[in-house]
Amino acid sequence: MLVVMKPHATEAEIEAVVDRIRSLGFTPHPIPGAQRVAIGVTGNKGSIDTAQFETMPGVADAIRVSQPFKLVSREVKEEDTVIDVGGVPLGGNALAIMAGPCSVESREQILETAHAVKAAGARFLRGGAFKPRTSPYEFQGLAEEGLKLLALAREQTGLKVVTEVMDSETLPMVSDYADVLQIGARNMQNFSLMKQLGRIRKPVLLKRGPSATIKEWLMAAEYVVAGGNYQVALCERGIRTFETMTRNTLDLNAVPVLKALTHLPVVVDPSHGIGLRAHVAAMARAGIAAGADGVIVEVHPRPDRALSDGQQSLTPREFEDLMKQVRVIAGALGRAV
Amino acid sequence: MLVVMKPHATEAEIEAVVDRIRSLGFTPHPIPGAQRVAIGVTGNKGSIDTAQFETMPGVADAIRVSQPFKLVSREVKEEDTVIDVGGVPLGGNALAIMAGPCSVESREQILETAHAVKAAGARFLRGGAFKPRTSPYEFQGLAEEGLKLLALAREQTGLKVVTEVMDSETLPMVSDYADVLQIGARNMQNFSLMKQLGRIRKPVLLKRGPSATIKEWLMAAEYVVAGGNYQVALCERGIRTFETMTRNTLDLNAVPVLKALTHLPVVVDPSHGIGLRAHVAAMARAGIAAGADGVIVEVHPRPDRALSDGQQSLTPREFEDLMKQVRVIAGALGRAV
Amino acid sequence: MLVVMKPHATEAEIEAVVDRIRSLGFTPHPIPGAQRVAIGVTGNKGSIDTAQFETMPGVADAIRVSQPFKLVSREVKEEDTVIDVGGVPLGGNALAIMAGPCSVESREQILETAHAVKAAGARFLRGGAFKPRTSPYEFQGLAEEGLKLLALAREQTGLKVVTEVMDSETLPMVSDYADVLQIGARNMQNFSLMKQLGRIRKPVLLKRGPSATIKEWLMAAEYVVAGGNYQVALCERGIRTFETMTRNTLDLNAVPVLKALTHLPVVVDPSHGIGLRAHVAAMARAGIAAGADGVIVEVHPRPDRALSDGQQSLTPREFEDLMKQVRVIAGALGRAV
Amino acid sequence: MLVVMKPHATEAEIEAVVDRIRSLGFTPHPIPGAQRVAIGVTGNKGSIDTAQFETMPGVADAIRVSQPFKLVSREVKEEDTVIDVGGVPLGGNALAIMAGPCSVESREQILETAHAVKAAGARFLRGGAFKPRTSPYEFQGLAEEGLKLLALAREQTGLKVVTEVMDSETLPMVSDYADVLQIGARNMQNFSLMKQLGRIRKPVLLKRGPSATIKEWLMAAEYVVAGGNYQVALCERGIRTFETMTRNTLDLNAVPVLKALTHLPVVVDPSHGIGLRAHVAAMARAGIAAGADGVIVEVHPRPDRALSDGQQSLTPREFEDLMKQVRVIAGALGRAV
């Protein structure tokens, strides 16, 4: 259930509703909005009588939420969530453009890439310092050294840093450097980590698990939001299917479906999604055309020498060309870059 | 192997190459192109010595084809195939827009729809007279009565008719009425039917099987082309995955992959692909942005009363709106509608 | 709905029920059973009032059928269907053991195999004369010559012949030679063919499509049975998943699920299912342990020289060893071989 | 590469090989076997010259390992790994039978279940104290209270305790109570956790991720073993496919494939695999027939009142019946229970 307060409801009125919910043995989740406060209710089995709330002072409406995901649902919050990443919006009308290498490899590599993607129009720099790798014998990332290089690139360019956190042990360290915490696909249902992300106040970019249904993905986001961290964006990065010609199957169907179901921003990762450099631009264009709120693209100055994911990384020049096309398509849909 | 003739090679020179191929026990497939003739060679095990052809008069080049699909491959024919459907192109720079109801239901229904989609910019009218249905107890189509109604709609509007053929028994009848023969997803590997389609001279729109790999799909097209019918277009209509929120998973990754591998036109079916009316337009836009040569969209004057697929059919008004967006995105990619 | 007649209901009483069903505009399907006749009713939308049938003479019960598949459902016929293949049972307590090469290749090959699998305990000989192949350039089978060789092997061994029919054109010819008509996975939703199989009186072994749900598979069988041919057995042969180490994923989960939902016999094909010779025996054993009514196994005297599927064919010796294990497991479940 | 020492190689000879490997810049992994010591080598790119090792004193052979997984491979260790769980074997000829409720719910529930499954023949008690749940609003387990109840059940019955650990924070606590640490499917590629499991000395039961390939699964096990913990068993628990009639698709094909590729024990979880109580026994039988080294089965005294997974839990009586069948099938394969 969701209790929607009137636009000018007082703090005391809100508090009274919260108390009533608690007295019934349920859990209240106040959700501040641009216009008004709403209070999500969870913990009930079966439906709650809405009438007892509708007559309370300051209450505009009490509505049942039909989906298993509640706080991330559009039923609960109709307007799009726009995450403020230190002045740069993630979500809303302007597209969020994120670009950079798969892994941070060296000072020269990350700085060269950062300046190039900034010049082409990116506002966020991606780059991994902790790398989840299928094999224990592969390059696992530069760790804190990589985070420091990302911070240096931010200092020089003003780009916001998006980087992956793999576990709770390194969460404090990564949070110190990152502007947006990326959660990798294989960790999407690492519920212990989701709960910890709920307790901090840092934007989260939650990648879809390779075999996660849209519903499971929204439930994972619900873990973070239910913990109190409302700054969550979703990133479609390809699902696992029977097709072997592409690395994954970028599921663009998820984009319009998510935009209808949730108020959270939706970003598309064409690089992991299709996994083939020649086709990344086509999928990035398609993602924007499908209604995504942003793209995250792997860019490397010398893809053939990359320590990871070189086969799917664009050169800075290819990225620049892509950005021109993205701008036109965004314009056709009434959006800015 | 492929033997590429010089632009002004004579008939006699071509014939000599064909004879040489036959004398080696292989099968020649002459493929006329805009600039020059090429001759595909199949039936060999292991590679053929190309040198013996390169020195023949009129031969420009003899090249090995690495893919299991040969005649449909870009290695064999670099330029895009443009199918001439009675004056309307399918393939090439101009997008092929196909629209109409899932099933032909009545004279009024098909005529109303045909005029509406024509006004909005479609050049092809889709509509099923023979319907493959999961259950034997569901509506199976109007059969020849439906074909006659499609012909009537063509007469009134000039739209080209795209309609499904399900078996060899009805192939002659459907061919009499159709401009383009649609092959349904479940028949993609009905090899007996593929062979028969190779013997006729009618454009074929070959839908991807719900669990067909891109390679299997191209091999199915190869059956038709190897039989001598070069007028084949491919239609991505969604694959089967674990996701249950959408009817299928429209695999737009297939679009750029196919455009690189084959010279055949690629059409996208967002209606079956996502299966949810609210999201068909988003997927149609995305398909065009990914590089498709056309879209095929279900349109019904009263979707809620449709005998099949009402939940994924656009109203004529919604289709009109979609066409406006498609025109802008096509323009951004340098294509006409 | 299903109208169940009393054990000794007269022909006239049965006829009266059939007439009443027709007079309501529905279609009656009389289903003879060992103890009594039941009459399936299809063609209704919404539920039918059962009371009007329950009071008719000779009627024991009138029950609603909740599944979309009706005539193949256990709700409609509780006892197992046992198909009498010229004196050899397919279904029921005794396991049906089918074995033989993927393709009939020569007189010597098929006769040698037939004698060997007969000696090891098989009652059915499998072998393809018409082969559906992904590529038009691969071996397509010996056609009628292959059917004649199968008939010769039957003459010499008494084994019943199971062979694939690919299309309606060759259906009469294949029916002349075969004891059981095998329908390949890719043809499972070839509805035109299903309808034709409903009109003949020959046992059908219906393979599961590589991405067919259990429900779709039962609906395909329903096409055949609704046409009047009750002699249908189902064959699980592996579904398509993301796993690439095995050719397909033999879905043994389907075995107990089917045995609960339908009265039709269920056979398992471990050869196509896992596609790796070394592991065929393990999957055959597992299929029997899961409750299958039979197995169909590829056996070839010289697998490494087979024209198709050699990598998944057992030698006669390996098949003999497998049969010993199968007998013990069958015994543990109270079944005979 | 793997260096195999002679049966009576001295400590000094082994040490010399280890030193040589290190001096080349690679990492040595000594693997003690029943007959002899082998030393895995990782960290090399490209192949190493084996000759330089073959001539060293005490070396029997130096062999190249072709698979990306090394230490878990049968190429490296031919004989089956048998994990000694406090005197009870996991792996080897005797089947490991694990049973118990999904979640520990109360003292009465776990004790009643433990005594019942012990009486029926189980040697391991399963039960979750920390539960990964799709929704943050579902029952999350009794935590340490649940672990204490498991320890109490062990004390009373002698059963070994198998229980899930979800994260590194609770790893020390769970290790204090558990005999075998279960890693849930969604954590299979939680590489931080895998690395930590490599550092402890406690048997690990590693469930397959719902969309993990067999290769990825073995690579996850490789993380643990490469860290120094050789006590890893694999648990097939169903993969995600398009089929919706079963909860998951228990992939029994993985059993013979794994038994060929790895020396680690393989356990099957039919409860999660098929997810339907009526069919759990069939899949357990099939798993044993396919060659699994054990089964893990959910048993609950009153499944319809279970706080989780009731729909797939057997009653103690059903489990007892299953064990009788398992004994016969095990006997047919020459194995003990």
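First chain written, first letter: the chains are A, B, C and D, and each begins at residue 1.
One rule holds for everything that comes next: a residue touches a chain if its C-beta (ideal position, glycine included) is under 8 Å from a C-beta of that chain, and two chains touch if they have at least 3 such contacts.
Source: prediction; values computed, not measured.
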Pair of chains joined by more contacts [C-beta pairs], C-D or B-D: C-D
Furthest chain, CA centroid comparison against chain C: A
Intercentroid distance (Cα basis), chain D paired with chain B, Å: 49
Centre-of-Cα separation between chain D and chain C, whole angstrom: 37
Chain B residues counted as touching two or more neighbouring chains: 211, 240-242, 244
Of chain B, residues touching chain C in the complex: 42-43, 68, 132-137, 166-169, 186-187, 189-195, 209-211, 216, 219, 222-223, 226-227, 240
Chain C partner contacts - residues on chain A that touch it in the complex: 211, 240-242, 244
Interface residues, chain B side, partner chain A - complex: 211, 213-215, 239, 241-246, 249-257, 260, 273-274, 276, 278-279, 282-283, 285-291, 325, 328-329, 332-333
